[in-house]
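Report on the following structure.
Chains here go by letter, A, B and C, matching the order in which they are written, and residues are numbered from 1 within each.
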Amino acid sequence: MVRKMQTRIKMWSAIFLVVAIMIGIAMIPQLNQYGTEVGMAAAENEFMYEKAIHILVMLLMGFGFLMMFAKKYGYTSITATFLVVALSIPLYMLIRPYLWGPSADISIANISMLLFAEFAAASLLIAIGGPLGRIKTPQYLLIGLLFTPLYAINEWVLFSGGLIPSGAFLDTAGSVMIHAFGAYFSLGMITMLTTKKERDTNVETSRTSNKFAMLGSAALWIFWPSFCSALVAVNQIPVVAINTILALCGSTLSTYVFSILIRGKIEIADIANASLAGGVAIGATVANITPGWSMLIGLLAGAISVVGYTLIQPRLQKATGGVDTCGVHNLHGMPGVLGGIAALGLVASPLWQLTGTGLSVILALGAGLVVGFIASKLGGKEAPYDDLEEFELS
Amino acid sequence: MVRKMQTRIKMWSAIFLVVAIMIGIAMIPQLNQYGTEVGMAAAENEFMYEKAIHILVMLLMGFGFLMMFAKKYGYTSITATFLVVALSIPLYMLIRPYLWGPSADISIANISMLLFAEFAAASLLIAIGGPLGRIKTPQYLLIGLLFTPLYAINEWVLFSGGLIPSGAFLDTAGSVMIHAFGAYFSLGMITMLTTKKERDTNVETSRTSNKFAMLGSAALWIFWPSFCSALVAVNQIPVVAINTILALCGSTLSTYVFSILIRGKIEIADIANASLAGGVAIGATVANITPGWSMLIGLLAGAISVVGYTLIQPRLQKATGGVDTCGVHNLHGMPGVLGGIAALGLVASPLWQLTGTGLSVILALGAGLVVGFIASKLGGKEAPYDDLEEFELS
Amino acid sequence: MVRKMQTRIKMWSAIFLVVAIMIGIAMIPQLNQYGTEVGMAAAENEFMYEKAIHILVMLLMGFGFLMMFAKKYGYTSITATFLVVALSIPLYMLIRPYLWGPSADISIANISMLLFAEFAAASLLIAIGGPLGRIKTPQYLLIGLLFTPLYAINEWVLFSGGLIPSGAFLDTAGSVMIHAFGAYFSLGMITMLTTKKERDTNVETSRTSNKFAMLGSAALWIFWPSFCSALVAVNQIPVVAINTILALCGSTLSTYVFSILIRGKIEIADIANASLAGGVAIGATVANITPGWSMLIGLLAGAISVVGYTLIQPRLQKATGGVDTCGVHNLHGMPGVLGGIAALGLVASPLWQLTGTGLSVILALGAGLVVGFIASKLGGKEAPYDDLEEFELS
């Protein structure tokens, strides 16, 4: 039995090796295809480069360590993070030109290609936060393999001008496209990826595992301004950065207040997660708003997120049967939709804004259901929230 | 009794929510007032942006994790860090224009406003290092609320030209304005915020909590060159960065040596803290000095800091009765004053340099005494250096 | 006995204090000698500055925490990291002008000087990874003191044009010069620095110590693009960054696959280390290759590294008797040589490429043997892989 499982795991890992080699080979002609002509000024490229590195901090250190709160599941959390990032970045770079056509601006000679790939990886990391702890490493990779093209399609729908008129949907830093899409994809998946036993098993945490989670949270907080300003015009960067920071200040303060008001005591998981809700919610409007409003949106987003963790999540779990391990719906789902809605007052046509937001949520839920169903066919873990099955433990 | 305490905590947290909302609302007209005209070149703004993010690493990951050395108090250390940063940055941005008048250079359309706010937050984080572990979260916020305007006033005194002639006081990276001010403010506070019981309670540490502290220390070391070069002219950045690194190299080496010479064995808390003393001490002169001298100042600062931790702190504690949990006097107080004095040979009028340094120390001590007295009225913790009272613990 | 040992430790630490002071004094005339004239444009300098800070993250947080996997040896790992970085950076800056002659481009007024010094520190950190846990802090410093000039000489041999024609040896980001040199120096040292008892003592790890190691690994992964692009022309940075990231994606994926294929289960130490092998191997060719090939080189490097950890290291240890604590030969040695060989198809004369690679390995092994012999004269530790002897433990 154990032997058979090991054979299957080895077979799956060999399959992913072949996939990775094929991605590498398929990429070889890419440079020749688009040339190395640089589509933007060197300085502009360099500014984007800095932000691309900052976003890498958010992906590997931010998400990776935030998901380490599960005491016995830390090895898998960080390994899964490494793996889905390592898969989705090259995969997205390979797919994008087929959807958008070749472009000198978004090519491997410009950092913007890398930035778009990192956004895809961020959304994927949000998506795996829901079933975290209940699936095996090949399942994380399979989800990554299926999620990346679906994300790319939704991105294309929102911004290519093919369906929604170009510029009609305001979502500068991806409140909807990155956060809400990842979160509702996750909600879709977990209805397929939660068993009765898992519903009754609590995630064990410890003082140390929660400190690692706070490290991830701090990494996300710190570099969020670069996430929001990565693609804006250079002269907009200062206001975008200040708006982002004020939104995060707002959600940090209201997280503390509502954690105490609702629970009586502070819950460290609220601080680690809901403090970031301001960054999620400000994403859509961050380049079109003033600092005072940013702080207020942040204050509201933090409050909504804590209400999500304390009051909504238990009810939602009862209703859908799916366990959302990281509470991605509270941190990325609701605040992401709030961001999309906050933009209603700033766009030419509120209808397109609502369409884009609603469409992303529906597409994400549907795609998540299908991908969750497929992933469930690979079989589940024996012991949820435990590294034991897949790792050599000393 | 517990219920009554909880009601008070809830009331206080609600008050801070109102304060935060008021700050947000008060900020709304700010953008209209100063416009979005960018006061400096885009590239210069972008270079400052990078440094602003680096300083955020120092605030949240640096100070936040350095203060996690207390084994049972890690949740509060990092939460208090998040809270005072989230409060002081918007508060400073609101206050500054009232003291200095509107300016296109220092507005929300330029990153320099954010940098000044981050410096205020850094000084505040130093200030809470003294009473750390003996006060409650509302007290950290109250201290932040009172500290921020007092810091802004001292900054105005030193650099506005109103009292000390403009340019007469040399303190490029805040040896005095940021470090010494925060540390002596802290010394003032702790004489009001230490009880007999707390004097007899030792702070428990563990191998793990000290490793988190070393992470904070590494974060501060790494990004210190950005702290020092944030506001210097672009062509001065290389020398300032190299000077800062050499000062840190010096203090790291002398910390190791003096830790062994005085104690016989290495104390990891010395390595975590005193290694950084070179960065504190070089702050005043960093743009006016050569690399060799920087290393020598760093060597001296590390030695002074270890002498502080081993020989001076116990005596000072006996004399004043105040417990300095993080030893901020050893890391930021004495090395900060050393930095102010090291500038004596480089300024036109040593008298103004001494006046600025002395005035900052006296203002800080006095203000700290008053704020400590006010904060003490909110009541103390039952068990010092323990998260138990305020956090849900798993 | 203990007293005598303490006296020796104090004497050694005092010697290193004198050395540090002498370095500081010797540096004083340096600024006067080369002036403060900036040898490159301000913007270019600033881009390099960002990379210099990123590489500092790799040095102190990356290597420092990656080496913390030894459960009982974490204090020494991070302290040794701090110390050798603090010693080698100023020492290299002092030495370099004597080898290369004064230059406006590489002076303390330009960040490139700092970058070269950081590369030396990186190679030194690789070198101490082999004997890690079996030597005392003064030995780490002594090794640093001897390694730095030897590294500088090998760098001069490879790139000054004195021996190998200028430009004939391709090693843009130091696959050979930094990684292979440090690793084979380490192999040389450990044959002199491993006792029978140490050969039979296993390094204890724990879930927590391995999580700190993963933090170091993440820090290295994230900032590796800056390591590779630090010295390339500004318009090459995008391709270099994307190539580096794809190489790391490749090695991350193949590490996972080969860890499972060879061991049956995932070993977290493989993930922490071998995932980075793509960054090592891409170093030589990173500016002359396309993204697809980068991913394939990364896939190969990850596989070789895991084979190193699982199959080669035990045999090598039996053959040479030296214990390679961090497995630097698997992460930096073989992948570094792979990088040098991968460049064969891209250089004008493959012979010079082979000469440079072979010469570096031989020089490193020889120098490592001598330095290991000298360091062994300072005496060894009582208990390997334990902080006990040198640190005050709470």
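Just so it is clear, a residue touches a chain if its C-beta (ideal position, glycine included) is under 8 Å from a C-beta of that chain, and two chains touch if they have at least 3 such contacts.
Note that the structure is a prediction, hence the values are computed from the model and not measured.
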Superposition rotation for chain B onto chain C, Cα-based, multiple of 5°: 120
Self-contact between copies chain A and chain C, residue sets same or different by half: different
For chain A paired with chain C, centre-to-centre distance based on mean C-alpha positions, whole Å: 33
Residues within chain C bordering two or more other chains: 43, 50, 208, 215
Interface residues, chain C side, partner chain B - complex: 6, 9-10, 13-14, 16-17, 20-21, 23-32, 36, 38, 42-43, 45-46, 49-50, 52-53, 56-57, 60-61, 64-65, 68, 72, 74-75, 78-79, 82-83, 85-87, 89-90, 93, 108-111, 113-114, 137, 208, 212, 215, 390-394
Touching residues on chain C, where the partner in the complex is chain A: 43, 47, 50, 54, 204-208, 210-211, 214-215, 218-219, 221-223, 225-226, 229, 234-235, 237-239, 241-242, 245-246, 248-250, 252-254, 256-257, 260-261, 263-268, 271, 275, 290-293, 295-296, 299
